[in-house]
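Chain naming follows the written order as A, B, C and D, and within any one chain the residues start at number 1.
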């Protein structure tokens, strides 16, 4: 194998952790807990080391580790990271240890299996972000599915089985069609290179070859469609979003955090890394449809969130709305908008992750998530309410906090490209303010509700361990709000490259959409 | 009178048609009968139709004659093996179910 | 008159002869020491090891020939890379089945010796299929493979389900054999030969226009195809499968869903890819339709099953469909289709046998059904089995990095490639993937029961013999290794696929 | 005394007469096998059908095969079948429904199948059609032990396998009540 091995280390360290956890004593859950936390923190540290060594320069993939794997098909083990991957890997490693820490108290049965699932999940997520070979990417993409399935299905709520099956089926339909598209793409590359499979699954080679215009228009339209379906389901884009609220509601808190924080990003990342560079013309052809669906998603998510009686469902639908900004930003093919979209991905990961943690905190005390039953938390649980308020304001997009910058940049870029879309989206931001603030008002203000009063001494404020999970997220929200440049410089190279691919291309006039 | 039948025994077509009729009779029996042994007998008829076809082909092309006979002998022997197995199963199932009617074996389709 | 058997003949047939002798030795050993399981098992495994060794010897014999094929017995049998690959697969299947069965049989007071002998006979039949260069040998190999199969299906002779499955399997199997034979008779009559290369030569002449195509030949081919479709349980000729699978003793079900299936594909390869290849354009339409209906219907029915054995039976129909996709790609001119089919066959053998081994182990105690509810809370009762079952089911679903995934990958790759010239195959690839997604539903349902449901009543766990664990270890390792490092098999698979054309 | 080459009045040869007799016997007894209500009589009809076939084989010049037909099919298989019928015969069976519900469609399908085969056969021009020739026993033996050595040996393995398994399945275990 050639390369520094750093990316490989970050990717597979959690797997080592999973194996170690597997050998802990099942009777003593704390062994598994601390072993898992230790490995998650270690992975986090390694990812931070990687971050410090990362040199931001336009569009280059760094830390490439490469080894032949299945030479008969030119499939290699090739991982590496550019700015975008870097940011998302660090987001993943951060949220993973936070999630594991947040699971210490809520998860009490089969802790060992839970921790193994989480660490394997981290392998899959990180792998998706660093894979530079389409075959490898697909494998990581599918690996994510299994532990998430188990996490929701074993440790989830009442309707968990329905939710898991729905989650798996939706995701599988999309990804299997994507597999067909991957194979077709690789095959075209192979037949275009005299039948040699060398590099046929290599992302860089494929993108370069695609840039020379070797994929026919029709093929591009179809293949992009297959990729886009897989990514749209993950994002999730309206109308493929229906699995998300179910999955969120049934998932354990940490599962929701990862689901919102990282899993949804896989879709956005896929668009930027694979779908657009490989099929830029087709991306242009599909863009109008995707933008319309994104706008519908933004509005729809906000409206449905407005009427949700269930706190967790409200946050889940807000995800649909917020992720709409991501796809909107990506498909305007505009530098600022794309920057905004990436920033939005990171922010959404942090803020929504935190909101799910906060939902988990209150649920652990009340075993209920009905907003109507809450009220007056501000006086009873001041720390909790302050945290809730902070993250609600971040989510609403209060200037100075990170949520603002992402959405603002997205809208700014969109406005330059298509004003109408930007106007609609801006309008929705008001809505967003509405449902979140109304929720905060109903939860925190007024008198302590009868339901909460009935809980008596069970209603305690945040414990240190819970605060520990929220503090880093809050800190990052503030930091990125004040210095969005930290992320933006890191991803600037990736953004420029993507924009270059996208703007070189003219839409294919198939009479499909235009 | 009936002289159009002259040479009918010297015509490949007639034997093959006869074989086809026997095959069809056998397949009807297989599809229509309820009794496992009847179905087994129907299959034997079909296999015999096959043998008739083999022998007929052999008889009317001298180069194939010995081949056809060899194949027919082999088919007869393999049919014997098949019948042995089939009857063993029939006896075993009769011991369990006390009925040879196949469509009464439907315990699994509850 | 030449009765002598040449040394080349002897080398080529040595594995077959050794397998027959092993079967007889098992009976003999049981005759001398009646009822001794250890003796019977030892004989079986020593026999299998010898057979495997001789397969490699025969392969060496073939490799030293000019074109890598040694044709023996007047051209009625051939040893080439394909023969070797399939033979080794059949030996593995027989070995794993022999490892999984004793626990199950022992609890039901069924004799291991007769079981293993019958299993070995079935294996000899499959081995004949793999190397036959003559349609008569092909037919006899088929019979030798399926006759012991009927007996194995009814092996639990005091059990109504087992004999019921056996009689249905037998009747439909014999019926399809008769149909196959009828077609064979007409092909023989029209082409004047039963040698596979002879038939291929005749068909080549037809395609070239130097020989006439007659309706009778067409009919013969149609009957052959129908007979084969029965044997692989392709829809609409599948209806024997579920009853035979559900009724059979569970280790036998595992064997039946794998051994005769791969054997039937050996038949298909030798018949269609060997003898009938010149007319591939004509019959490929049939294969495409069969593939589409088989995988779709198999999956749809599997969705509604509450009995895991029956569910796996229908799912095995669906897997037949996926393999047919590979074959259709091959017929459309992509050699990779055949490679994919062979890879899928190997992957499917290990993962499916593994899954059935888990079911058989759970059912070791008599009276335990294979209903879904049996699997409720298995993670508490038998965590190791539950995790292994999950692995096998994920592999059957086609989730990477497992053998099942790479099998699907290979087959679909070939179909997509072939789609370049024949758009129907692209459609077939997409359909296969949609089916794979639907299949996830019923495979994962078992996982749901194992991990997420509580058992209705507490059942104490039962121990399992070392042999079962060894067999499970082999299946597990192969299921993972064939997914992570497909390279170990790719060379074999591609040389095996290439050998089909060599005369 | 020599027989005339064609039969007076009927206008066809003696062989043709024999053929017609055997063919008619075969078809009628074949139909009897599948149509008769009483399975015992079905079994007996099957013997007639096999015998008629043996006659046809003789007409086609293959007395060896005819002999094998008599020995194996009549001498062994039919006897086994009759034995099995006696063993499994219940009083209920003959009086109960003999045919499945799909008998009528199956009948129609069978008629169509026969017609199709017939049409195919008639519309095919055969490659080389000589007059029916007899097979010398020596030729047959040569073939069987040269070109068909392997199939011949496989058949013996097949019979062995069938007997080993069949005996196990059919035998009653010790202590098992009938």
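Just so we're on the same page, a residue touches a chain if its C-beta (ideal position, glycine included) is under 8 Å from a C-beta of that chain, and two chains touch if they have at least 3 such contacts.
Every value quoted in this text rests on a predicted model; they were computed, and no experiment measured them.
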**Fill in**
Of C-D and B-D, the pair joined by more C-beta contact pairs is B-D
**Item:** Inter-centroid spacing, subunit D versus subunit C (mean Cα positions, whole Å)
**Value:** 32
**Fill in**
subunit A and subunit D have mean C-alpha positions lying a whole-number Å distance apart equal to 72
**Fill in**
Here the gap between subunit B and subunit D, centre to centre from mean Cα coordinates and rounded to Å, is 6
**Prompt:** So what's the Cα centroid distance for subunit B and subunit C, whole Å?
**Reply:** 27
**Message:** Residues of subunit D that contact two or more other chains, please.
**Reply:** 117, 121, 127, 142, 147-148, 151, 155, 158, 161-162, 165-166, 169
**Item:** Multi-chain contact residues (two or more partners), subunit C
**Value:** 136, 140, 143, 147, 151, 154, 157-158, 192, 216
**Request:** Quick one: which residues in subunit A touch 2 or more of the other chains?
**Result:** none
**Request:** If every chain is a node and every touching pair an edge, decide which shape results: line, ring, star, complete or other.
**Result:** other
**Request:** Could you please specify the touching residues of subunit B with respect to subunit C in the complex?
**Result:** 16, 19, 23, 26-27, 30, 36, 39-40, 43, 46-47, 49-50, 53-54, 56-57, 61, 63-64, 67-68, 71, 74-75, 78, 81-82, 85-86, 88-90, 92-93, 95-97, 102, 105, 107-109
**Item:** subunit D to subunit C touching residues, read off their complex
**Value:** 116-117, 120-121, 123-125, 127, 141-142, 145-151, 154-155, 157-158, 160-162, 164-166, 168-169, 173, 176
**Of subunit C, residues touching subunit D in the complex** = 1-3, 5, 13, 20, 23-24, 27, 73-74, 76-77, 111, 114, 117-118, 121-122, 124, 128, 134, 136-137, 140-141, 143-144, 147-148, 151-152, 154-155, 157-158, 190, 192, 212, 214-219
**Message:** Going by the contact rule set out above, which residues of subunit C touch subunit A in the complex?
**Reply:** 379, 394, 398-401, 405, 409, 412-413, 416-417, 419-420, 426, 429-430, 433-434, 436-438, 440-441, 444-445, 447-448, 451-452, 485-487, 490-491, 494
**Message:** Applying the document's contact rule, which stretches of subunit A touch subunit C when the two form their complex?
**Reply:** 69-73, 110, 113, 135, 138-139, 142-143, 145-146, 149-150, 153-154, 160-161, 164-165, 168-169, 172-173, 176-177, 179-180, 183-184, 186-187, 191
